[in-house]
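As written, the chain order gives the labels A, B, C and D, with residue 1 at the start of each chain.
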């Protein structure tokens, strides 16, 4: 961390800062410019002492130097982290497509959607059992019943399942049924939940908070990593800005920025990042072109009957068209779309 | 809700929308302009059907008419909601001042701060026992030990205590020790926690999320209200914007906007909304001038030794100066600052 | 426009609003819900009367229905607007690549860059003569001398030239030398300049303001269109958000949103929208994948010697790699990259 | 400026950076931490060389140390800058109130408003002659005719006049009629206009751009100052954020931040910063409580008939109530409201 002294700082004030650095066991590096003095503070985690210096006389401001996350950084692990998701590799050269309804509504809707997505090329199935909703009066999800349906459809299709946990107690329950536990945008800084996710062995899909910085997303991943779980997928899902013509603003810059800062896989959720199905295809393509390791997309056979987020769901045929375009784009940037499974039960029937 | 048809919508498409409105049990009001047709949808909560219409052909967009919150609105309860906080009335004409350290660090620090704040004019004591921190490596609070210290200091000073719950399980524990349970900005949409708070009888101090709209803050309050707890204090604590010269941007507009939309008391936290002690006094004054029902302010006798947020803490003497200015401002806007208690133990000693 | 009455509006207040609508020559459509009354106002441009109703008793708020721009909208012109840029069609199926240095620094730098960009596949040359700079102490451009160099390099390479006008008086001067007049982000709402651009016959490259909404960008285009110039290229160049890891946030959603709202061509400037050369390639690819009609990119042979924006400039070899990837992506989305010209002088030499 | 090397930077890369610093005539201060090396660059304006270093191998990022503005800073001039506005001192202990209609509509409207504002306590008159409007189809102001009316009303009332210039050519014209030339938010980075304002001797009211940072506002002031005009009033008028319940978000923090960074007077425009008359009074009070040197407020006798911004205009009687409250608040923070003039013509009549 660098301590920037104000232009009027006196020698006595500079000496007091140097003495405090010494007291705290750090080493100072002083640089006296024509206008002002800057003092570098070297040692083990000096940024924790930031507030100490911020209130001292003559100090103008503090500039952090080291990144506050360690385990999540490329400086710590240079190679891409990869892990298998029931047959497909997450974080490798193959682009992973996760698709399915916003919420699990009934067994047939789920199975129909899953089979259509799989046929179009999807590798994994998403579907909400517990739904965080802005309104207490909106549909809150089918809960454990939905988890059972997801498990059954996984059995039939062979697709690994992604579903959300909303509180620490739900983590073991979700882990029992799902292959990936999602932590939603609203819970990105729910530290009790992050700690519980860190103690699980199930991969975590961590969504960026609606107004979280890239650094805060990586700090949230650091919570999970520091509790022992190394299998994390980061997900850009749009941020809140002043622009209101779409529900959120897809921060497409975040894809290459995250890929340069961290070894963790990075995917895009174009359904939430746009909020309108008309724009999902264009933005999904942009995500892969920008270097994302995958996509998570809401697909519903009858969006007008969906119990939540129908307005941002693609119909299966539009999803199929998208996958075809994604194949071309992936190739243009040196990636590929791995084949999706043939449903296991149907294999048996053949 | 109003359905705005596109300018190219055909008669058939308009008829299909009208038929769907009928099927769902709502009543349509059609308004045909020169350019396009607009259809009002009247009935019980039509906005839940928003996505149904959003995906129909010929529909351009949907405009909500009713506010999505009920119990929190002035339309539901016209009068200001008030409730007592151990002697002082929250939400009345008196301005309530809550002060204390960011985190409880030790018994003496806490007692010293509490007595200094009380002498300066504070009515209630804040102090964190469980601390949500961006970094997993930062001080996370003393936990239940801190709660015991808070209870002891309450005993001595007679000041009601405000402290934060971070997960649903903590709610009953915090309620045992504290007079007000705080829900922090990062947890404003942690619905499991909101539900638990709603089932408590203890007043809730609900902080606005870092990038929550005013409407979302009121929807979060609605979660608590709809579970039965009517004692809620809303707290503006700064929002995230592009401006980086302060930690957050104090949304001072939110004070009069909230006072017009809701009957719930509204306070300001200038410590977090600025993030730098130099600006706390000016912004605290602005809050009362704008019509806030109170303030929650971080005060620390030795900010440079604080284990968290020292940089935004006022020293007790600066807090005392602030209270004097607040008295003048409160009077100028038709309010007043009620007297603070004389410490109970000290009364006994006298 | 819809007038939403408050839930407590009286019959008398509703009647006063209806009378006012009548007085102003509009037609009301009243829809009485259980909670409140909504009044549609139909006629020629009622939104101009918005403020009149906003201050009447019993009115809660006003909701606009019609889009405020006409000539720029797809409702006005359904087909894509196209126009030729010295050989290449702007707004057609071909993707147009504009490249060159941020500022014109000297003749050789400019020619070298232009030839390298053209060889890599660029169709047009960018280069600033007048530079809007945040600091009065920074390099402000070579002015008319730079325009002469641009004209000479156009002569040699056959590349049409894009350069910026900063004030109304500069418009005719720039038009004398350049094929496209750029209006920069800081001037997007400089109405004197927009009017001057509208009176020119030269195509205008209109950059989105740093915090302009998509609607405001289209309103700025409307200024130009309503003064008679129909040849406008809209340019997304990143918006200002709370995220600081890149200079701006590329609003990739804006590409498909603009393509759906307007018939005007839409391009992306990934150099400014990221601000760091490391991310330019990924985001440029994303732009074409999202449906942009072209790109404008800063290229400099020696970025470390550039007099402005070196940090966001690609070296020519990186630009060449990008063009190769763009070809594949364009194809995957049903577009193509037209061939660039062979330099005219060199043709002569051959 | 500090150059932060990446953690993987090699000795060779560090040496190349040091050599480049030397070549450019700056002095390096090297600080080698356990993780990475940081190099301070000392000399005359090294930040202009930022891009040079940003593209060198092994460089992670650049951190500016010095503030980029000089003449506007408190480091340059420690005392508050003050100057007289026809009788009242701007920037002194007295709080200056500027009031009047958004646009000049006719002579009687203007005179009536001016007299009512003056009687309520206003010191100066605002009124737009040239109006920057988002829509080319909206009322654009009466132009020079309005300037003549302003001059006549100044003659009658003795109130100094504030009105806006929209382009460099208008500056001398406005200066002929007005006491203060306003530069609007949309033109805050219109550098041709800033230069023209700098060459004028008339005081400038410089409004913060809709999404300008505080630093950019000070850089815009620096343009004016560096061209020789030292009489500048800075005006906070709300910034663009994600919150939509008010037209803009009043950045109340900006008041104490600006007062600490610059010697220039700082005022607040609560009409634009809220956009709704209902909230103007509360936010105006907040501005004075936060330390603003004055207010500029839209007042209209018949807001429902105003040709622009009627929705955010106060009626004269509400303005009078506000001034009474402002007196109390000013006193509470050690300021006062100077008496307004008695109209000169009326003096003559008495």
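Simple rule for what comes next: a residue touches a chain if its C-beta (ideal position, glycine included) is under 8 Å from a C-beta of that chain, and two chains touch if they have at least 3 such contacts.
For clarity, every value in this text was computed on a predicted model and none was experimentally measured.
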Could you quickly compare C-D and B-D and let me know which has more C-beta contacts? B-D
Chain at maximum distance from chain A, centres defined as averaged CA atoms: D
Just give me the whole-number Å value for how far the CA centre of chain A lies from that of chain D. 40
Whole-Å gap separating chain C and chain D, where each centre is the average of the chain's CA atoms: 27
Geometric centre distance via CA averages, chain D-chain B, whole Å: 31
Going by the touch rule set out above, which residues of chain C reach two or more other chains? 211, 240-242, 244
In the complex, the residues of chain B that touch chain C are 2, 4, 6-8, 29, 31-36, 38, 40, 42-44, 63, 65-66, 75, 211, 240-242, 244
If we count contacts the way the header does, which residues on chain A are in touch with chain C in the complex? 211, 213-215, 239, 241-246, 249-257, 260, 273-274, 278-279, 282-283, 285-291, 325, 327-329, 331-333
Interface with chain A, chain B side, in the complex: residues 45, 48, 50-56, 68, 132-138, 166-168, 186-187, 189-192, 210-211, 216, 219, 222-223, 226-227, 240, 276-277, 303-306, 308-311, 313
